[in-house]
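In what follows, a single structure is set out as structure tokens and then discussed.
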Amino acid sequence: MNKKKVLNDPVYGFITIPGHLIFDLIEHPYFQRLRRIKQLGIAEYVYPGALHTRFHHALGAMHLMGEAISTLKSKGHLISDQECEAVQIAILLHDIGHGPFSHVLEHTLLHHVSHERISLLLMNELNKEFDGALDLAIRMFSGQYERRFFYDLISSQLDIDRLDYLNRDCFFTGVTEGSIGSERIVKLLDVVDNQLVVEQKGVYSIENFLTARRLMYWQVYLHKTSICAETMLIQSIRRARELVHAGQSVYTTPALEIFITNEPTLEDFRTHPQYIQAFTQLDDYDIWACIKQWTVHPDRLLAHLSTMLLNRKLFKIRFFDVPPSDEVFEALQAQVLALPGVTEADLPYLVVRGETTNSAYLASRQPIRILTKDRGVVDVSEASDLPTIKALSQIVRKYYIAYAVKGI
Amino acid sequence: MNKKKVLNDPVYGFITIPGHLIFDLIEHPYFQRLRRIKQLGIAEYVYPGALHTRFHHALGAMHLMGEAISTLKSKGHLISDQECEAVQIAILLHDIGHGPFSHVLEHTLLHHVSHERISLLLMNELNKEFDGALDLAIRMFSGQYERRFFYDLISSQLDIDRLDYLNRDCFFTGVTEGSIGSERIVKLLDVVDNQLVVEQKGVYSIENFLTARRLMYWQVYLHKTSICAETMLIQSIRRARELVHAGQSVYTTPALEIFITNEPTLEDFRTHPQYIQAFTQLDDYDIWACIKQWTVHPDRLLAHLSTMLLNRKLFKIRFFDVPPSDEVFEALQAQVLALPGVTEADLPYLVVRGETTNSAYLASRQPIRILTKDRGVVDVSEASDLPTIKALSQIVRKYYIAYAVKGI
Amino acid sequence: MNKKKVLNDPVYGFITIPGHLIFDLIEHPYFQRLRRIKQLGIAEYVYPGALHTRFHHALGAMHLMGEAISTLKSKGHLISDQECEAVQIAILLHDIGHGPFSHVLEHTLLHHVSHERISLLLMNELNKEFDGALDLAIRMFSGQYERRFFYDLISSQLDIDRLDYLNRDCFFTGVTEGSIGSERIVKLLDVVDNQLVVEQKGVYSIENFLTARRLMYWQVYLHKTSICAETMLIQSIRRARELVHAGQSVYTTPALEIFITNEPTLEDFRTHPQYIQAFTQLDDYDIWACIKQWTVHPDRLLAHLSTMLLNRKLFKIRFFDVPPSDEVFEALQAQVLALPGVTEADLPYLVVRGETTNSAYLASRQPIRILTKDRGVVDVSEASDLPTIKALSQIVRKYYIAYAVKGI
Amino acid sequence: MNKKKVLNDPVYGFITIPGHLIFDLIEHPYFQRLRRIKQLGIAEYVYPGALHTRFHHALGAMHLMGEAISTLKSKGHLISDQECEAVQIAILLHDIGHGPFSHVLEHTLLHHVSHERISLLLMNELNKEFDGALDLAIRMFSGQYERRFFYDLISSQLDIDRLDYLNRDCFFTGVTEGSIGSERIVKLLDVVDNQLVVEQKGVYSIENFLTARRLMYWQVYLHKTSICAETMLIQSIRRARELVHAGQSVYTTPALEIFITNEPTLEDFRTHPQYIQAFTQLDDYDIWACIKQWTVHPDRLLAHLSTMLLNRKLFKIRFFDVPPSDEVFEALQAQVLALPGVTEADLPYLVVRGETTNSAYLASRQPIRILTKDRGVVDVSEASDLPTIKALSQIVRKYYIAYAVKGI
């Protein structure tokens, strides 16, 4: 069987699967599940084209990683075929632990476990199944491999993950001006002292990359309409869980059930195989199946939230530069309470506060390093000509209240 | 409230919603449902980017219709604001009767009713709700409006529907060479004797359009892997229905249930409101929710088909230029019967024959008309310089047998 | 004759010429001359695709201006057909005074006259020829029209000129990450108190626009190889002029001759028609024709410079953050003097210092104004959430010395 | 010095120069000359973006050849590094013998010598200069290398030349619907019995490629306005040559002079080095420099033709399906003669007949071969499912008369 398959990718043209092991990993149900998890959660409610999945992103990142390794090899760095395969596997599987709606439900479905932890768990599972073939990939992914730059490629402020998703998200949303020169940046990568660096002449591309990322945050990832839809989704699940805990019957798909009734810790995942079993069955379709079924649930609040979400009758939102005062919050509560059919008990589901935060660059955390012309290495925020990077490091925080505008 | 919204569309850049009525139609749950129906069914199993929906296509067609009307007006044809709105509504809603997976399940879920008939039913429902505001759109859609060219724009071999979906499908699959010059063709449209025509200088664009369409048929719409996945999906539903009819318990979502247990006719749709009620709740998510639940069904055949489909372990396929002989078919049956766990009774679900057919252009059916330089009108297949059009009119038919390669 | 022509533009798809007067202006030899003036001078030596012309840019800007006017009208601003035509004419002709190689030779061929001044002169000439039809366009162009926002559209830090050329330059160079959301920005334009403003939600697009502009400056407009080629071109012309002044015979094309032998002032242009006559004949081809002929000139320095430039054997360059010391400069002179065939007298042509400067945004000069949600108007650098704009306002200055590396 | 340069190409993103020898060939003045020869002659008069050069095309073809070789190697064909370099050199230099305006003036400047012959001459010159390093490339280029498929890649009906120029021409003209799946086709190439073949599943891509080529012929290469401009250019040179032969003084650039006064044969090129010397100096700029100078020539016909061409006041054209009768021709002559200032003697320059011809595919000439699923090899026009290919093989011929519409 031909395992050197070529896939169409509107972003890069073609993606070639580099070998048998990777082909088999892609064929594995754990990885195929990513076909059913949208990269941008519910952003499709704002950008109708944003339907792309973690599956496509993971393949794209694997492709771009291959380009990065080619560049490094062409600059004289010795990288073995085994290392090359391992780092491609690591990036291919870096998001395999994502649950339904990616980040949107990350802290709703699993309070205590980040998706990275589950990615690692699943990679270990796959490693058993593949007789240790993922050993090196796992060492790289968890930062334990001595050639540190592989980890920089997998996870840093200029990792292949971001280089793929920014362009991919631009492409499918249609926000073309957010596109970054991924392929140019990849060609400018180098390694010094086991650290990933960017050639000096790439500083403007880096600046553009960081600004584009900021743009995408406010224009797409933290778009007000997305936040409203996400809030409604989270409140629906919260309500369903509450009803279940109160002993009521609520439809859940087989895979979702365990996560509605329990709140497993990472330790639970490690010791009770049924969590992994269920989690690897779980995807966006479970959530949508429930939302759809809940629209006819006897609990009028659950039915209301689900129906409104399904039909895109969304909350409104107000943003604040500082945390809104209780007066403001209570005034909105009063306004919602005045809607037909709304009771005091519904308010926690219909008026919700939150905050969003974004800093384009944090020098303190795995900095982006520039290789100067005299072969020195500096943090990009120290490189000359870039007055903006320091400014980009400032954390921008916004507070919001999302609230219902229709009665129940 | 601002109803002049602008939407991002990676294909055209931006789509502007032209007015209040159209805005309200887009907001309607009937139309929002199209967000949950993929344009290309399960083609995403071959082209991972092909996740775009009927929702996006309908908006794109509405946009392109606006461009077409502008062109015709600039050429001196009087078109009233009311006509302009009506024809945009007609194209916006032309696919509103599509069910889950678009064409894939069209004849599986509803044996006796085409999606166009349901589109018309739903448009009539909406018309009631909007107090007759859709009267003219419905007359245009059903070919009853006296200015015939509006119908040509909505439904013909060069309609706005095709001009949008071909480019859109190219874009999201990444099969860039299938792209057609939609915007060029639209600018070359004209009207003579109430018929839609294309200016002479557009003949090469038309030829390219027809060839591109052919390319997309074989490369995408009738791709062998898609056919295999579709076959498995259809067999799963067939099996579920059979079990239900045999009195077994099979999970179905509320909206799907009625279509698994009954086979309504168009007359049933007209006389029993519960069919429309259920149909407008039905979308891809219902199907996927069932497939996922069926993977743990006690019927090992249903569980097998669903699990294989979900994990993309697909049938294989063989194509034939003539109908394959019974010998060939029986040989494949024998081969499948030899797989572990397969019984005689499973064969009708595991070895399936079918045929696909495609002709790029049928002169007999609403021909594409060319306006020659001396203001005559000829069928494009009669226009000089186009030796290929006649060739494109030939019907190409392929026969296939899809069959399982894994035991149960 | 059909004057509603449609032109192909790979950037926007199609550009429609909006009417007769504009059609006739485009047909005029003054405007057709722009076909022979490259937008980016000699940047093609770095970016082989950067061959686009002022002609194409002017048409693109006219197209985008039409979009901007449509947006403003849709937001309720009354703009007459006459105003619409005038502002499109003004942007169409805004660069008509550019000479060969656009900015590169701007201060070499004409020491004392900026291209904007000549644009105005030529617009006045055309106005005579068209019997005053350009009156309003000229008033707008020169900032004398009372509705000030038209001038903002023609010339400001967010004018249509920049919105076109940034995207166009990205497209043809292939530096895709420099692309800006021109069409999004145009849709966010509004007018308050006769001033052009951008809606609040556009601030990230503006930030992206300013950063992209910075990127294009360093990556394209001030690319080191471009500066080297430009320096050699300027030195060639300087040398030719010197030889002419010394009484030697040097080939020049008819149109160029007058500008090699004279250095006309704006006043000369106004009073001596032969300058305008010659200038409107002058384009890139004159310069290249001379460079080619000069390769066989008996003066070995002129021949050397021309031959090297023609064959792309370029100077090298060194950049400095502060003005380089005389020691540094003299050391480079000594190095060049040591090349075979180089004499002391050649040095001023073979070792050249200069500086480049760039600030992405200057709040002091026609600021970009943001319309806040409470309908206030603030300078973009005062808008919240944009820590970077102030940083972008800093002037970045670089000093350089370009010098020969091959003997004569 | 870093000879592994990366160039920006808006068509492919980036082009990497694969090694030292190729780098040095690109730097050679013979190759740099191609920067000054437009790929599409004067098509920019119709498509303002069509300014791309033979230089860029040659680099693109080299890049695509590298991709083709990678594909063949990945399919198990042994190709040495030396062969890989040679075939890339061969395609890089395949057009080096083109003169000004590419095909437009090919038979006007040199009656007896095709550009391919001059390419070979120049490759031999370069081979001497590079001490035989081009031996293998030359053998491949001239069809003498025993591994025949290399020649198929360089020159056949599916050569890399066409795969590059079709996409490139689409890109820069903006005729996006003419784009072909070059990268898909390249991935489907294979070699059987030393012949280049395409995998069966690529037949629709081939059909699309042939149709797109046809589209580009009529839409771009043989566009009526291009033909008019080309005719005027050719007549200008014809007139200049006639004047020179009549002993009058006519400005020509040094490089052009020898080809205006003489009509060298291939033998002359071989035996008189001054022809090669002059030819390698000759480019589009020589022609434009002359056209511009001729606008003020005392011969009123030459001045008229040049001025009209420069200012894009073009001839009109009439097309015919059969050769136009003498009556038709004479009627047009009479019409032109009636224009102010036109004399009998001017007519041969102002009324010109010609013909254009195009067949998308000629089975008789280096056919495109398909590798069927049972490993047979058939001509594409014999492959099933492709009713159109035979139709595309028909030669379409058009006759035209181009004629002046303005008096002198």
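Brief remarks follow.
A, B, C and D label the chains in the order they appear, each numbered from 1.
Going forward, contacts are C-beta pairs under 8 Å (C-beta built on N, C-alpha and C of every residue); 3 or more make two chains touch, one makes a residue touch a chain.
Here's who's who by UniProt: A, B, C, D = Phosphohydrolase.
If you're wondering where the values come from, they're calculated on a predicted model, not measured in any experiment.
When you average the Cα atoms of each chain and compare centres, the chain farthest from chain B turns out to be C.
For the interfaces B-D and A-D, the C-beta contact count is higher for B-D. Look at where the CA atoms of chain C average out and do the same for chain D: the two points lie 32 Å apart. If you average the CA atoms of chain B and of chain D, the two centres end up 42 Å from each other.
As a whole-number value, the distance joining the C-alpha centres of chain A and chain D reads 49 Å.
Annotation for chain B: residues touching 2 or more other chains are 13-14, 175-176, 184. Viewed as a contact network, the protein chains are fully connected, with every chain touching every other. Listed in rising order, the residues of chain D touching chain A in the complex are 4, 6, 13-14, 74, 183-184, 187. Within the complex formed with chain A, the chain B residues making contact are 7-11, 13-14, 27, 29, 32, 35-36, 44, 47-49, 51-53, 55-56, 59, 171-176, 253-255, 281, 285-286, 288-289, 292-293, 296, 310-312.
Those residues of chain B that touch chain D in the shared complex are 175-181, 184, 204-205, 207-209, 211-212, 214-215, 218-219, 321, 384-385, 387-388, 390-392, 394, 396.
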